[in-house]
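Each of the next two complexes has subunit A plus one other chain: subunit B in the first, subunit C in the second.
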Partner chain A sequence: MTTAVITGIGVLAPNGAGTENFWAATLRGESGIGPIRRFDARGYPARLGGEIDGFDPVEHLPRRLLPQTDRMTQLALAASAWALADAGVEPGTYDPGGTGVAMAGAFGGFEYGQRELENLWCSGPERVSVYMSFAWFYAVNTGQLSIRHALRGPAGVVVGDQAGGLDAVAQARRNIRKGARLMLSGGVDSSFCPYGWVARISDGALSTDEDPRTAYLPFDLRARGQVPGEGGAVLVVEEAAAARRRGTQIYGEIAGYAATFDAAVRHGGERGLGRAVEAALADAGVTAREIGVVFADGSGRLADDRAEAETIADVFGPQGVPVTVPKTMTGRMSSGGAPADLAGALLAMRDGLIPPTVNVQTPAPGARLDLVTGVPRPWQPGPALVLARGRGGFNSAMVLRPGAAVPGRTGEAGVTGRAAPTRSGGKPS
Partner chain B sequence: MVITGLGVVAPGGVGTKAFWHLITAGRTATRPITAFDAAAFRSRIAAEVDFEAAQAELSHRERRRLDRSAQFALVATREACVDSGLEPDRFDPTRVGVSLGTAVGATCNLESEYLALSDTGREWILDHRYASPHLYDYFMPGSMAAEIAAECNAQGPVTVVSAGCTSGLDAVGHAADLIREGAADVMVTGGTDAPISPITVACFDAIRATSPSNDDAAHALRPFDRTRNGFVLGEGAATLVLEAEEHARARGARIYAEIAGFASRSNAYHMTGLRPDGAEMAAAITAALAESRRAPQSVDYVNAHGTATKQNDRHETAALKRALGPHAYRTPVSSIKSMIGHSLGAIGSIEIAACALALDQGVVPPTANLCEPDPELDLDYVPLHAREQRLDTVLSVGSGFGGFQSAIVLTRLGPA
Partner chain C sequence: MKQMTLSALEQIMHTCAGDDESTDSFQQAPERPFADLGYDSLALLETQSVIRREYGVDLSEQALSEAETPQQLVDLVNRWLSAA
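Take a look at the complex of A and B:
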């Protein structure tokens, strides 16, 4: 079957704008979680978040796009330009009909949405922006990315809360298998606005801890909830032979994927994560023993963490595989979290270093996990498993295989010559 | 991949039977908006679902917890599951999935919760306890797929597809893809939207996409007509039970039609505008026909997007000519939106339900309100009256904000 590989990465995360900034911060254990500053968060029971600082959309977008885009779309446009530059894809050098976009959505662009609701109700219908019909909706990132980069092939948007990011990348692989040559995929979310914040609080899952170092502690005995983050990642997914012909770097292969859903309480409530893991491994044709690292979902809620830890220990054995949650440095980025973990796993393969889980010191009893804490751990790169779970029962699992293991790989264009964005972010062409 | 069950919640009558009766009779369900006082808006008409009776079948908790769009989806799903004879205890739940389309999710409740939290927009109330405990679910429409999964005991792949106005079509295409690749044996799939709220009406007012024919609501949505002036907002849902053919045959299920091919493309042109040549919609049609192993000449009927905007109807006509060649002139093309309005992420799946019924019954539903043909639009748009005609291959197309262009092919399935 056609092999789908990842040849470009663009990350915009609270602890780093630009892939190399994100990765360097992640390896240093640097967190982007802090007090919310984008709006006045005093008065809410949860006041910490992972915000992206210093991102000025004017540096990254043509001016005409500014009034029609929510922040999540501005972030996605910047990340997508970096991903394409990283893959060495020049607009106009590929057949636009064979290139498409499959992004995940989760919360919509509600900074924009809240402002227009206010315009409607305070000033009247004629004050609602002509862009509101699409600026907030769940499909907007796919639409804007396809226009910006002239990608006229398959287009898709999936929503599965935090698990949707993996489902979108699986959709990209599906489109490659159906004949597309290149897909942009991933997820980027924000909605760091009062209304979006209240929605997250209503879920009851947020940590009310005021110390950024202890607010989000997945698999820790002291776990007390989640911290949201904004941002995510955009990946360039390419048909392997086409990538090889261009002589571009291949970070890794999308080797396996599966999605399951937890049984509803009325149907017994059985969790489905284990089935997703087993099916993804089978899809990849790898055994549990071959997996070199697990990027866990790491909910930060005790019951979820316990269930995930049990699943991992069941499949891999107690302390059977290194497990990490770099999201401890970014917060949970809705649909963007899992794509950022895919990026982390691919960079871990490139550099032979597993990024750490920060702040977690007292693993919950019975967790039986080999959690990589404190500092990065060297490893012999092999297949990696990325897990993502969404509110309501979504479970997704994806297996990546290192680029060096993709059969017939040629060229070593990878590590040098990449358009590495600076701290403030590179300006897309 | 075969359709073995249908459930429809549409304007003009809840249930598949009422829906089919309305659209084959050529009657319209567009009327002045009753959901709220629309006096301040440019377009004050809509195709609303009279939902009270059906709502009575939902539990008190379901009515309180779920947005109107999720309630539509639940009612449609219950009908589809009964229709398919799919009894929850007789299949492996891990082989059942959900793929639900929605464009704007729980937009009604998102607006009403905003009003509660902001003192009708005047001042943001910092006390989050004014918010519904289900607000997260309203923001994140995946919650609707979760609701359907719980209803059907689906434990396989579950997702929402949210590709604007092609969501309902794309969700069914996605479901067919998942069965084809072996991820599920049964997919409960469809689309839902309940967008008749002030903010959504204001959005379409702002870009003048909706019809201002407020004085003649019943004839406001006039696809392919010279006097067309935009669409009328609708609401509703459709659910299809989609199965692997062997699975359906093994249990002796009734089969309406087969989903034979699907494709989506981006026009990469404009978030709301359409490239006049229809190239990307044509590309989607060509790819969907190729996947179906059907020649363009085999298409017996096209269920059009037909929104009655100046631009859409020209774009679509161009796309059909481009993809089907001279055969486009010999093929009946109709827009059922003329009767039930444009329900955004639901309409694609409602139209697929109409196509399945058209194949099953041998009837082509008409385009209502098409009285003055536009000389620029020269295909056979089946004006006013339904036609009896044997159908073997049917094409349904959709086009949406964001540049999405989608096509799906349904075929009549012979005996095994």
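Take a look at the complex of A and C:
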């Protein structure tokens, strides 16, 4: 089976713009959650969010793209350029037809959409920008990344709320297995505007706590709901042998993945996260005992937290594996949350440090979790499990294996037993 | 009678589609095709809407598609204005 590896990371999160800034802040336990400033949130019951400060799109995008892009697309374009640079991929050094984009989306360009709807109702249809035709759309990040970086092979978008961030990366792996040479994948969301905010409030999941230190406390007895964040991560996914040939770094392998749904309430409402975990481990050929860390979904709602804690304790045993929720420092970034966790897991492997969960002090009774709190914990890097759940019953689980453990990395080029697909015009740099 | 100038059109198109400093100005290249100047069909549609609003000139999509350069579009608008 073709091995798909991650060779580039670009993170843009509330606690850090750029992968190393994000990672350093995360290890320091620095949170980006605070009062919303991007719009006047005083009239809403929930007023905290993880906002990205100081991002000026003019510094990252050609001016021609400004009138046609929502903030989430501007963030995605910046993160994607960082990911490609991190992977050492130069434009023009690869065959555009063998490269593609598989991003997740959860909201779409809501801020852009709200502005144009205001134009429609306040000024008339002729005042609505023609770019509204695509700027609001779920698939727009995939399209703009494809155009910007000339990645003209497979392109798709997955919509599955928070879980979609893992589903998209799994889609990238599928594209690699079908012969693609390189994929950009991940998720970036924002919609920090009244339109996006009321959509979230209607869900009833948001925390109304006004203290950034206690508003989002997954697995804590005091958990009161969720705090949204904006941003996410873009990853460069490549076929392992091809990545090795061009001599680039390999952060890790996408070793296993599975997705399930919760049953509808009228059918008993049975939760599907456990099945997703078991199937992802089986897909990776990894036992529960070999998993070195779990990046939990960490809903922040008591019932969801209890279900996830029970699943983890069932699979790994009570206190059986280190568990962490770095999202406590960013808020839940919709489709961007899980890709940022994938980035965190890969960097944890690189540096031998598990990033902490902040603010959680009083684990809920029966949680039986070995939660990494307060400060990073050293570990012997091994396979990592990343979990994500989305509104509507989506469950996804992904297993990553450290780059050092990818077969063939240390002089064992023949181990995978197959040659990479060669593509006309593909020139490894 | 109000007439449109090349620089007025350029200003409109910068507002609609973004200012790209890497391409020539309309004064420098009045007969370069819009495509070469980095404007796609959506940018022209947006421009059509602003021209209708600011000049009262209602260009058809057919007429718009036949104006391939800044000079041709300015001439088209001014012919319309003269005839009105």
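We take it that the second predicted complex is superposed on the first by the 409 of 429 C-alpha atoms of A that agree within 3 Å, B and C clash if a C-alpha of one lies under 4 Å from a C-alpha of the other, contacts with A are read in each partner's own complex, and residues count from 1 in each chain.
Rule of thumb we're sticking to: a residue touches a chain if its C-beta (ideal position, glycine included) is under 8 Å from a C-beta of that chain, and two chains touch if they have at least 3 such contacts.
Just so it is clear, the structure is predicted and the values come from calculations on it, not from any experiment.
**Student:** Is A:64 touching the first partner subunit B, the second partner subunit C, both, or neither of them?
**Tutor:** second
**Student:** Is the number of subunit A residues in contact higher for subunit B or for subunit C?
**Tutor:** Subunit A has more residues touched by B than by the other partner.
**Student:** Return first, second, both or neither, reflecting whether A:129 touches subunit B, subunit C, both chains, or no partner chain.
**Tutor:** both
**Student:** Hey, what residues of subunit A end up touching subunit B and subunit C alike?
**Tutor:** 68, 126, 129-131, 133
**Student:** Residue numbers of subunit C touching subunit A in their complex, please.
**Tutor:** 15-21, 38, 42, 45-46, 49, 52-53
**Student:** Over in the complex, which subunit B residues touch subunit A? Could you list them?
**Tutor:** The contact residues of subunit B facing subunit A are 40-42, 88, 93-94, 97-98, 103-105, 110-111, 114-115, 117-118, 120-122, 124, 126-128, 131-143, 145-146, 149-150, 153-164, 167, 170, 174, 177, 181, 183, 198-199, 201-207, 209, 263-272, 280, 283, 291, 400-405.
**Student:** Quick check on the complex: what are the subunit A residues that touch subunit C?
**Tutor:** Touching subunit C from subunit A are residues 62-68, 126-127, 129-131, 133.
**Student:** Using the touch definition up top, name the residues of subunit A that touch subunit B in the complex.
**Tutor:** Answer in residue numbers: 43-45, 68, 96-97, 100-101, 105-108, 110, 113-114, 116-118, 120-122, 124-126, 128-134, 137-140, 142-144, 146-147, 149-161, 164, 167, 171, 174, 178, 191, 194-196, 198-204, 258-264, 266-267, 270, 272, 275, 390-394.
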